[in-house]
Every structure is written in C-alpha cells, then in structure tokens.
Amino acid sequence: MSDKPRKFKGGVHPSDSKALSASCAIQDAPLLDKYVVIMHQNIGAPPQLLVKKGDVVKKGQLLAKAGGFVSVPLHAPTSGTVSAIDKCPGPTGISVPAIHIDADGEDEWGSPFEPIANWQNCPAGELRQRVWDAGIVGMGGAGFPAHVKLSPPEGKEIDTLILNGAECEPYLTADHRLMLEQAEDVVLGAAILARILGLESAVIGIEENKPDAIAKLEEVAGKYHVRVQPLPVNYPQGAEKQLIYAITGREVPVGKLPMDVKCVVQNVASAVAVADAVVKGIPSIERVTTVTGRPVKTPGNWRFRIGTPIAKALELAGGITEQPAKLLLGGPMMGIAQSSLGVTVMKNTSGILLISSDEVSLYSSEPCIRCGRCVEVCPMSILPATISQAVENKRFDWAQELNVQACIECGSCSYVCPSHRPLNQHFKWAKVEIASKLRRRND
Amino acid sequence: MELKFIIISIISTGIIGVLLGVIIGVVAKAFAVEIDERIEKVEELLPGANCGGCGFAGCSAFAKAVVAEEAAPGQCPVCSGDDVANIASYLGIEAGQGEKMVALVRCSGDISNTVRSLYNGIRDCRSAVVVAGGAKGCDYGCLGFGSCANACPFGAIEMRDGLAVVHPELCVGCENCVATCPKNLIVMVPAAAEVHVYCNSPEKGAAKRQVCKTACIACRKCVKASGEEEHMLVDGFLVKTNYENPPSADLVEASACPTTALRVAGKHAANEYQGVSK
Amino acid sequence: MSEQESTPSIRLPDPARLVVSNSPHMRSGENISRIMFTVVAAMLPACAVGIWFFGLAAVWVLLACTVSCVVFEEGWNKLNKRPSTWKDGSAIITGILLGMNLNAGTPWWVCVIGAFLAIILAKQLFGGLGYNPFNPALVARVGLLIGLPELMTTWNPTHAMVSTLGAADAVSAATPLAMAPGKVEVLQMLIGNTKGCLGETSAIALLIGGAVLLIFKLIKWQVPVAFIGSVAVITGIMHAIDPTTYHSPVVHILSGGLLLGAFFMATDMVTSPMTRKGAIIFGLGCGIMTSVIRLWGSYPEGVSFSILFMNALTPLIDRMTVQKPFGYVAPEKGKVA
Amino acid sequence: MSLAKEFSKGIWKENPVLVLLLGMCPTLGVTSSATNGLGMGVATLFVLMCSNMVISLMRNIVPKKIRIPVYIVVIATFVTIVDMLMQAYAPATLYNALGLFIPLIVVNCIVLGRAEAFASKNGIVKSLADGLGMGLGFTLALVALGGTREFLAGGTLFQIKMIPAWTTDFMLPTSAAGAFIILGLFLAAKNAQAIRKAKREGKAYTPPGLDCRSCNICDMDK
Amino acid sequence: MSELTSEFLVITIGAILVNNFVLSKFLGICPFLGVSKKLDTALGMSGAVIFVMTLASLVSSLINQFLLTRDFVIGGRTMNLQFLQTLVFIVVIASLVQLVEIILQKVSAKLYESLGIFLPLITTNCAVLGCVVLNAKATGPLQSTWYGATIYGFCSAVGFALALVLFSSLREKLDLAQVPKAFEGTAISLVTAGILAMAFLGFSGLV
Amino acid sequence: MSAQKINIPMLGVFLGVVAAAAAGLLAGVQGLTAERIEANKKAAISLAMNQVLPAYDNEPMTETNTFACARGWKVTFYTARKDGQIVGYAGKVDNTDDGFSGTVSLIVGLDADGSVASIASNGMTNSAVIVTAQTETPGLGTAIAERKLQKTITDLFGGSEEIPGLVGNKYLDWYAGKKAGEERWAIVKDGEKVNGKTGATITSTAVCEAVYAVSKTAVEHLDELSKGAE
C-alpha cells in the first residue's frame, strides 16, 4: 500500500464554509422533555415495534427489535413514557411512523447489555452481535446497518478496513471535531472493527484541510496498528468508491460493493459508536451533529439524542438571524431539503444546515449548452449532460444504457452546470424508474 | 411499321417475363408465408390512435388479436360504437363492448385549497416525488405537475391551479394516465357514475383539515343522505362512491358536503366548486 | 413596527417559506450569460481592428447583423410565447460572428437574410440554444455564400490599402489566399491590413481573443490546436513539395478566417463534441477538410464548410468517444443475448 | 366513399407529398422552377392514371404472387411511353430539365403505392378518380414548391419576373440545400394547419412520418 | 494523370462526396428519410444498399452492353432495344433483390437477419434505378465499361451510406431537442438534410 | 390466406404475356415517335445553325468536317455556301469538360477566315455564339451562357412584342469578331466589354476556352475547310 494517495478523476472544490463551526467544541445537548424517535432509520427492513402507548421506558431500553438481518433495533434515548405512536414528518417529506416519548427527566439507564471490557479476547462473532444489538447504522450518510458490512458472505475475503474521516461536504464539522476530541475512541473503534473482520490494521482517510485532526490521530494511532492517510481536498473524496481508490488504488466495479474489492468502509462516527457499544455498553442513542449555516446565530457541534426535534436543535444554536431559504439535513451537496421543522435527529443526521436566500440558486433550468463541464467533474466518469437530456425526454432506457446507475449522486455535475440543470434530480428519477421497470419485469 | 422489330421486342421481353414468373413462382412456393388479410382490414377499421388503451402494443397488435379472437373489438376504447359494430360485422363476431369507463383523479386539493411548500425542481410528478415526496402538505394529494395530462393522448386531462382535472367527455378510457400517477390517484370508474369523492387521503379528518380545505373528513352526511351505505361506502376516514350502485347527481345537493369533497364530475370539470374555508 | 416585543427570544425559520429542492443546494455561480458575454469581450479586439481598417462600413455590418439576430430571436420567442432569451447573449455572439464573417461593404438586407438563416433556420427551428446541431453563424455564412456567391466573394479594400495602392488597384487586389504564393505580406496579415471578412483579417487580435477564451476555460484547447496544427502540417507538406503553387503554412494559418474559425467557431460547445478526445478528432477533421478544400476544391476558403461538416459528424464522434464509467466492467461475452 | 371524395382526398387531405410523404425524390429533384414542377406533375399524373386504370382492370386476373412484378411492368411501360412522348412533343428545355427523373417515375412510390393500395382493390372508375386526384395533388404540390423556390430565388414565376425591381438572384432556394429546407417548411406549414384542426376537434395529432403505413410495396415477397 | 485514372477519381470522389446521391442528386430520398431514425438501422440499410447497388450496376450494365445497345438491322434500318431500358432494368433489379434475399437466407442466416428486412425496400429505392440509368447514359471511357459501371455503383452506394449514417446520427440527436411542434418529425429532418447538403457543397470542385 | 394453389407455369405465362404485351406496345410507340425524336434533335441543331450562320442556300448539315482541337475535343464544322461560295462555317463542340458542374456544348458561327461572326439583330451587334447545353448554376453560371429573354410581368400585360433573333448577352457578345491567335483569350471582368463574371470565373473560362477552341481549330484547318466536305 503506497503512502501517496491517488487522485480520482473529476471532483469539484466548493467553498467549504467549515470555519463557521470548525472551532466549536462538541457540546452535550441538554435533556429535553420530549423526543420523537422515527421508526425506520436504517436501510433495509423496518424494525418491529416492542412498546405501546403508555409504556414506561428506561434510557437505552429496546423500543423495537430488528426486523430481519438487514435491519437494526431501536433504543430509547432517555427514560420516560411512550406518549404516542403516531406519524411525524419524515426526512423525505412523507409522514412516517414514530415513537413519541415524554421524558421524565431522570435519564435512568436501562441498558440491554453489559460492557465488554476485554474485547481483545472476545470472539469476533460476539463483537459483531454487539454491534447489531447496539443498533449501529452507518453514520456517514446512508444509514446502512454496520453489522451487515461486517459480515462478509462466505468466500468474500476482506483485507482492508478504511475509516472515512474525509468529511468532504462543505459546512459539516461533526466528524472533524469527533476525530479531534475523541481520537482515542476513533482508533479504538477502528481496532474493534478490524478485529471483527479478522484484520490486523486499519486506515483512516482524512482530507488535508483538517491538519489538527490528522496530527491528533497520528499521535494515538500507533497503539492499534492504525494508519492515518491524509487525502487531497477534492469533493467527493469521502464517497466510498473514491476513497477506496485514493487509498488502495482499487476500482469498485459498477454495481458492486466495496467488499468486492476486499474493502470495508465505515465512517469515523460509526467507529466511535462501535467503541461505545463494546467497551461502554451504550447502544446507538446519540450522535454528534453540526448545526450551522449563515442564518444560524451560534453555529456549533452538538451531541444530540436520537429523536431530538430539529426545532429544538435550532433553538439550542440560538435560533436564527434571518429567514433561511432552505433547511437541510446533511451537507449542502447531498443533504435533503426539509419542508417542515417537525423532523427529528436520526442516526445518520450529520448536519442541520440553514442556507440563506442569497446562497441559493433557484432552479431555472436552461437547455444544456453541451459545455462538457459536468463530464469533466463527474467522479464516476459518466455523461451527465446526455443522460439528463435522455431523462428529460423520458428515455430511461437510454439513461440506463449510459450507466446512470453508476451515479453516486454526489452533485458535482449540478454544481458546475452553467445552465443550472437539475442533473441530479434527473438521475435520481431515472434510477427510480429503472428500478420500478426491473421490478415490474421480475413480477 | 416494322412488324419484325415489334416481334423481336415482344419475344425477347416475353422470354424474360416467363423466366421471371417461373422464378418467382418457385420462390413463392419454397417460402410460402401464411398471412391473413383480415388483419389488415381490421387495422384499417381501427382508429389508428396507437394509444395502447386496448392493452395491446398498438393498433396492429390489437387487430391481430381481434382476428385471432383473443380480443373483442369493443376492447378498443377509442372506437365509436359504429366502428366497433363495423369490425364485428366484418368478422362476424360479437362486439364485446364493455361498459364505458373514464378516469377519475381522486383529489380536489388545488393550490388555493392545500398547503404546499415551495418546490423548486423538475415539473413532472414522477420526478417530484423523489424530492421530498413532491412537497405537498397532503401526502396523498395531486402534485399538480401534470404527468398524467402529458400522458393522455386525447388531451382529456386539464391542469388547473395545480390540480389534474379529467374532462369525462374527452376521456376515452385508454388508462394511460393511471400508471403514470406516482400517487396512484387515478382510477377508472364507470362513465355512468356522476358523483365522486374527490379525496384520497386515509389520514384522520383533523390531520387532513390542517393541510387541505376540500378533504373528505368522513362526516358521513353523504352516506346518510343516500340511505346508509347503499350508494356511498365508508373506508376508514374516507368515503367512496359505490360504483356497483352509484348515486344520482342530486345527492351532492342533498348531502351538503361540508368540504365539497363530494362533487358531480361534470361540474368539477367545469370548475364550479370552491373549497370551504373554516 | 414593534419588533422588539413580538420577536420571541429565539426565532425559528418559517416552514411555509422553506424551499424544497433536490441536492446539491450549492452552485458554482457560473451561468450562461456570463460565459457568452466573456466570449463577446474576446471578440471585441478583432472587431475593433476590423472597424479600424474598414471604417464605418464595418460598424454598420456588425450592427445590422447583431440587431437583426436579436430581433429574430425575440420575435420568434414572442410568436411562440416562449420566454425571452436574448439576454443570455448567444444571439449576440451569433450576430457578431456573422458580421465578422462578412465583407465590410455587405448590404444590410444580406445581413438580415443571414440573421434569419442563423437564428430562425439553424437555431430556433431546432429548439433554440443548445439544441442546434449546426453552428448558426456558419449556416448563415454558407447559406449566403451559396445564395449570393458574387456578393460574398467581393471584398472591400482597407483604408490603408487605398492610401498606398490607390483606389483602383486596391479594389482589384486579391485576398491573400488568392494571391500568387510568395507575394503575401505576412506582417500585414498579422495586423489585419488585408482583404477579407471584417473580423478575420487580424491574426494578432484573434489570438488575443483566443487567449482570453483559453484563460477563462471557455473552450477546449484541443480544438484550435488540432485544427491549426493539422492545417499547418498538410499545407506544410504541400508547400515543401511545390512552393510555387502552394502557399506556405504561415499564410494558410494567418489567412481566410482560419484563426477566427478555430478559436471562435469550431469551439462552439453546442455544436462540437463534449469530451476532450472528441474535441481532438473534431479539430483534426476540420483541419484536414479545410486543407483539402483550400488546396484542391473550387472554393478559395474551406473553414466554414469544414466546421459545418464536422458539426454533422459531432453526434457520431460523441457516440464513439463515450468514456467508460469509473469501475466499468465489460459485459461478459455470450451474456448479451 | 363517393367518387368526388376519392378524387378530392389526394389534393389536400391525403396529399401524396405533404401527408403521405411519397415520391420525395422527384419532389426535391425537379422543383427548381414552377415549370419543371408542372411538367413532372403532369407526367406523373398521366402514368398514375393509366397504371391505375390498367391495374384496376387486371386486378381480378393477376395471380397474387406476381402482382408486384406485373404492376412494375405495367408502370414501366407507361413511363417509357411518357418518356418517348415528351421527347417527341415537349419543349426540349423541359425534357432536359426533368431528365433523369422521368424513368424514375417507375419507382416513384406514389405510382406503385396507389396501384397496390388502391387500384388493386377498387373498380376502374374509382381508380381513375383516385389516380387523377393523387396526380393532381402531386402536381399542385410540385408547382407550389417549384413556384416558391423560383420566386424566392429571383422573384420569378414560370420564368416570368414578377417583381421587375428584383435584380440580384439569391440562389439558396434553388440549390440542393434549399430544396430540402423549403420542402421542410412546407411540411411544417401543413402540420401547423393539421395541429390547429386537431386541436379544434379535440383530437390527438402526430405529424406524419415516413413509415410503412403509406407505402406497402415491400409486400413483394409475400 | 491518365484519362482513366482521372475518371476513376471523378467517379469515386465525385460519387461519394461531390455529387452525393442523396444530397445533391436527390435519389433515394424515401429510405433516407424513412430508415434514418436509428443509427443501427441506418447501418443495416447502408450495407444492403451497397451490396444491391453494386450488384445491380454490374448485372444491368452487362445486359445493357450485350443486349440493349446491340444494333441490328431490319429492313435497312439500324435499330436497337434501348427503349426497353427502363422496363428491363426495373425488372432486373426487382428480381435481383429477390434472388439475393433467397440466397442470403440460405447462405447466412445471420447476414439475412441484419440485412434481410431492408432488401424489399431497396426495390423501390430510386437510387438503384437512378444509378443504373446513369450508368447507361454515361459516356466516359471508364464508366461505360461494365467494371467502371460497377465501381460507380459501389461508390454511389457508399455516398448514400455516408449521408444516411451521418443523417441518422443527427436525427438521434434531434430526438432530444425541443423542436417546435409543427416541425417535429419529417419537417425538421428535411431542414437538417438541407443544412447537411450545404456542408457537402464544400466539396464541390474537388474533382 | 393463399387459398389459391401456386401454379408455376401459369405464373410464368402470365408474366410473359404481360411483358410481351408491354414490349409490343412500346415498340409501337417507339416506331411512332422515333422519327420525330430524331427530327427534334436535328432541328435543335439546325435552329441554332440558322441563328449563327448568314443566309445560305446549300445544306450545311450534309457538308461537315470534324477535327480534334488542341484540348482533344472534337469540333464539327458545317459549311454554309451561297451560290457555291463559302459564306461561313458553324463550328460545334460538345461536352467540353470544364464547366462548374458539368460540361458545356456550343455552336459558333465563323466567318470564312475563322473569326467569330457578328450578327446584327434588333439593332444590336451580337456574336454568333450559342451555348446549346450546359448545367451551370442557375442565375450565376447560366448568366454567362444563356441567351434568354427575361420576361417580366409588365411585358405580359404591357403586350410588348416578341423580338425574334438572338437575344443579347454581354459575356457572349464579347467574342464578336475575335479570331484565335496563338495566345489564349483572357477573361475580362471589369469595364464595358467583358467576357467574365465575378463569382462565375469557372463558367466564363469554360465558355471562353470552348469558343477559342472552335475558332482556333478553324484557323488551323482553314485549308481543308475551304475545300469542302470530304
């Protein structure tokens, strides 16, 4: 493995605006009187509800159990009473079922499991089970159950574990602060993950614009054969395919998974969650989230309980100085725009971002002038302009032929397009249509 | 005139002709293909809209099916009664004309009646649902970006104030719109039924009222006015017309629906209802 | 207003005014009109030189072309109830380029016909900006050349020529490509004191404009390099074989709108390939065809035809140069069926 | 359909050039002037009528398998007759201008197309009406196209200067490129009219395309 | 250059580029418009046309040379059968196409599948008849021989193929354009063909 | 539904009969028109000849000499006599190979010394040059070659009379009285008397070359010509 990272083709350099919150230490959010835990927070099957209205729950107690292998359990963020099981606005704009908990203010522990102090000698299977029991999903974005990634199927060998500390999205600093303030936990988590996978070592990839975190991690990394790999600043460095390429030089084939090139990628926050679950016996009930944006009065990084309403989170950050144009969950390049304040913090909410109206360029799609910029920045080397025109004419078959499925929806192409074309939306739409066509054919 | 010259011409060309005729005959014998000219004829009699409303891949596929008696002429929704009769009499078979069906968009929440966010993106319903579910307050309502109207080859769907409105007299029942709507709002109903509930949201009444002025709140006034579930059926928090036994148009007047979710199709198409604010 | 009282201690955003849209929520700030007006700026030096040498006549031609292009564009939009588009600047570029491709003495009605061919026929009928497969300014120029060959091949002399040669000789003087090889004054061609279209004469001004386009990354350098390079090579070989019938490559490069075409017209992104590999093929094709027409064809000048012809090849080139996606694996043989 | 309708449909509603898109080669090739268009139109009209008539007469006795070769022979005969007659009696300039396209009437899709689609199924009178109507429609379209091209080029019609002040000829309309473009504009105008009509009647409209619907000559091997 | 070489150049470059069958001679417009919606079909049609046109040129120039233009004397007058040209040519082409189809079907099922469907279309493609008639009219020392005629047939077909392939790729691109309603379909295709013809005019004078 | 059985001999006979009938019909029409077509062709030549030659009383069509010119083209001369005296020749050259888009054919009336004859017609002096066939660009190349009266709409209604005789064409009339020397004629494009047109240099040159060739050949072969037909 070479020390010099490879440069992937394409990518963009948006102004990162991380200074707003990069120097703000992580604060623990105070206990609130009401939490709304959205039921389905993971990719895969929804969990199965175990409580009903009126039940009294303890902090960490199981609220719902995994609904299958690709599914994770859900735990109570604090002690209190289940006041309702009802709908609440979901992150994608459609109402989703959620468990409403009235906190009793005691915050009394009712952990479902014990810490495993001697994890070095614990069998990998047990550790993996702990990761599952703790309800850990990928905290870097998609919310994919971590234990699934840690269970490579028979015959698939894994030789590299990569921790993703790139945090290439502008504005977000949660991972940065976490690596700086809990470097030991990150490294510990990496070591545990490596042990689960039967590996000796792990690599942490970090963009060079976080020199303090790199320095800090390098200080403590030696303990567990963890290597820190600084990466050039180039969005989307944190996308797993690009990350794997930068660190190992392997290209994940289209339509394949990291494990097909013998890699597992986990976000650094996921690693910390794993460390917490194993060593301290804490399930996944909180996460570090950046609350930021120009309209936010005091941007910063908070450790929120899962289920914290966004409105409360914004209140903690001092409220707003101006009416924002957009409220996003996640970063400005990939985050999801919200139409209400009713959404709550989920396990994969890495940022709460307000964008002021002068930063937003409203959709005013003009025809593609074929300038080719999108083609040059696309890290997946597909042809955004052509695909987008195909989709515009509902030629989804054509889009499929042009490999729209390879698109990772990083948004680089839309970012540079001088015609402000909704390229990314076209691709998302095409993928949905193609998937539904495939489904129809399989029926 | 030189007779000889003419004779030479005739003979030489005649020989070529005989040769060709024989060759073609041999070829035709060797590669005989059975074709059925009735198919062509039926296709001629069909309207040629190629809309796929019959459930086949265009008019010629349908013609084939009709001749093979795998489909009845009446299955073509575009054919007028006369057309169907012509085809049937040509083939000497049953017309098999079904009941005329028209599309119904089960929503009345236009811009002035529903809460919506400022959606900024591709103006196509199927595309809008991938962004925030379409950014409409009501998760079940019409998004109003007109995918169905674009899919309709007969221009029977009008987009009015962010709501798809079917003009029943223009609708031939080809069902192209049904599969297009990402919210599954469009159903086919008998053209004879005039009264429909223009709402599709299974939410509780209170929740619906928060986002929409014309939602069906399941107050059952119409059910009572029509005589207890004979003409109108209750399904959770939503009431539906019983299309087996549809009510007459005066039911709308009689029941005084508090939200105007209950409408007469023709009047709805003519834009004669406004939401009731509360 | 009593804001002090009504404002709660902590304000939250008003959800009713939040915009929902797909990611990304950040844009680079680049837009079409900025690109287009930068190109306009890059064309100004060459226009200025044209006006300097040809005088007011050049101004009228440029004005007539630009104004009528904009009028046709807006007229079409009005007629078809489409939003106004002239402000995006593409019609202005087309107009100026068309003007630059005409003789300084061209009558106004020819400019209007040209603008009609460019904007209506070559652009709007295909759906407007971005959809036209052929370069509008060139369709206009070639259309006029076919329609009015006499008018399109008579040239005004420059003021400087009139004062040195005398009016009569200046009128009958030839364009550099039509002169006998060896008689061409390269220095005059550099500054632009020759006969020809009003925007194509000054090599220096065109190079300045080309540099601007390259610096602002508005064009792919592969196109002009391949274009000019291949002309230089081919004409260079022919010149080496027979210097008495064939001009030297320097004359070929500096004359007949080659620089104008290579920097401003072959590079029109709408009508040229999208990938860099495609751009090289495109440039080479233009160069080869230009050389062939100039050396052996009946037209003295081949730039317009060659670019137009390569425009027609662009979809094919685009198809041939589709890049493999990151992590592409060729489908296994036999699996296709 | 009534006889009058059979006759009139070819002139506008099913105009062979503008709607059926048949016989594009002579349409483009000879219409550099109205005179040429007229000459070609009349020649085609003659062949169309004769062949429709003869084929309609023979329709019941021709064996199916060889109907196309027979039709071709019939058509080729009339074309050759036209060729000889024109060479003998038409002005030399006209004959020279139509040149190559006269023999090509044989493969003009209109003639064979009507033979196959109409004359082989209808009686002699109807076939004659159809041939006459289609031929007239073709002639009218050709004259209109030729006239437009000629007029746009130099302000002349049938070689007569309509606008004496028009002195500079503009050769684009009479060039090959102009032929395509102006026919394109003609089709668009016809489409626009049809679209408006369809809209008025509340019908769906798809612009005509050249497909096998209007020409079923390739049934030959069936 | 000898006369034959120069005529060879005239025939090849001339037929392919300068006097392109479609774009300057207006022959074969129906398939040019009808079979150009997709590049793949255009390629298939091109192959079929090249094959048939070459073959038809060969066969009909032989017939022309050895049968139709043979003079014979009747009653003191020299006569020949040239007036039967059109009739004989078209019949020859039609049967040729059919024979090719049958043979192809027997010899190579694969080739038949890719070219077969285009063969019947070619019968009524006036490019083939036009080419044959032009050959019969030719006076050049090369083109009036049977091999010269065959070369001409081949080159003309290549010119046709070139135009067809270019045009179909352009039309595929037009599929994505927002063409005004009235211009959709054939109308805009014709305009495109017109501009393509303009571009081809650049080749004039090359031979 | 091919219910009918395929009867191969019957097909052959049917097609044979139809083809034979067609051929017969054609042969008939051919017989009827052949003469007229021949005559038309001849008439075209003799019409042109009458226009370029002075009054004669012999049959020039029968008194022909053919020579190859320096360019390799065949030039055919028709000798016109009045009272047995040679009053002039008509030189005809076909299919020269250097027009803009094809060949040029023309007939030139020559004086007895081989110079291009002048013809007074409608009060103007025209040259005895008629281009009989060309395929140049209408309006551009044709402007050089055609002697065509441009009728305008006002003529139609104004009822101006048909003017018989040659129509003037300044490019062609330039050749009146010219006699080929050693030097080829130049193309003159400016001034009163021109034989070349800007933008149509190729056609101008083609016509010029052809006329020169006729005159030059006549001058070279004046001896044989004056002897009369072989």
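We just call them A, B, C, D, E and F in the order they show up, numbering each chain from 1.
To be clear about the criterion, a residue touches a chain if its C-beta (ideal position, glycine included) is under 8 Å from a C-beta of that chain, and two chains touch if they have at least 3 such contacts.
All values derive from a computational prediction rather than experimental measurement.
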item	value
A-C compared against D-F, more contacting pairs	A-C
Centroid comparison with subunit B (C-alpha atoms), farthest chain	F
Length of the line joining the C-alpha centres of subunit A and subunit F, rounded to whole Å	87
Geometric centre distance via CA averages, subunit F-subunit C, whole Å	46
Gap in Å, rounded to a whole number, between the CA centres of subunit E and subunit D	21
Cα-centroid distance, subunit B relative to subunit D, in whole angstrom	39
Per-residue overlap in subunit A, given as positions that touch at least 2 other chains	93, 336-339, 362-363, 367, 422, 425, 428
Residue numbers of subunit D (touch at least two other chains)	65-66, 69, 73, 76-77, 80, 84, 171, 175, 177, 181, 221
In subunit E, residues with contacts to at least two other chains	83-84, 87, 91, 95, 98, 176, 178, 180, 183, 188, 191, 195, 198, 201, 204-205
Touch-based graph of the chains, sorted into line, ring, star, complete or other	other
Chains that touch, pairwise	A-B, A-C, A-E, B-C, B-D, B-E, B-F, C-D, C-E, C-F, D-E, D-F, E-F
Sites on subunit C touched by subunit A in the complex	9-15, 17-32, 34-35, 88, 90, 127-131, 220, 269-270, 272, 274-275, 318, 322-329
Complex contact set, residues of subunit B against subunit D	17, 20-21, 24-25, 27-28, 31, 33, 35, 49, 51, 153-155, 170
Subunit B partner contacts - residues on subunit F that touch it in the complex	1-2, 6-24, 26-28, 31
Interface residues, subunit D side, partner subunit F - complex	32, 62-66, 69-70, 73-74, 76-77, 80-81, 84-85, 87-89, 92, 96, 153-154, 156, 159-164, 169, 171, 174-175
Subunit F to subunit E touching residues, read off their complex	19, 22-23, 26-27, 30, 95, 100-101, 202
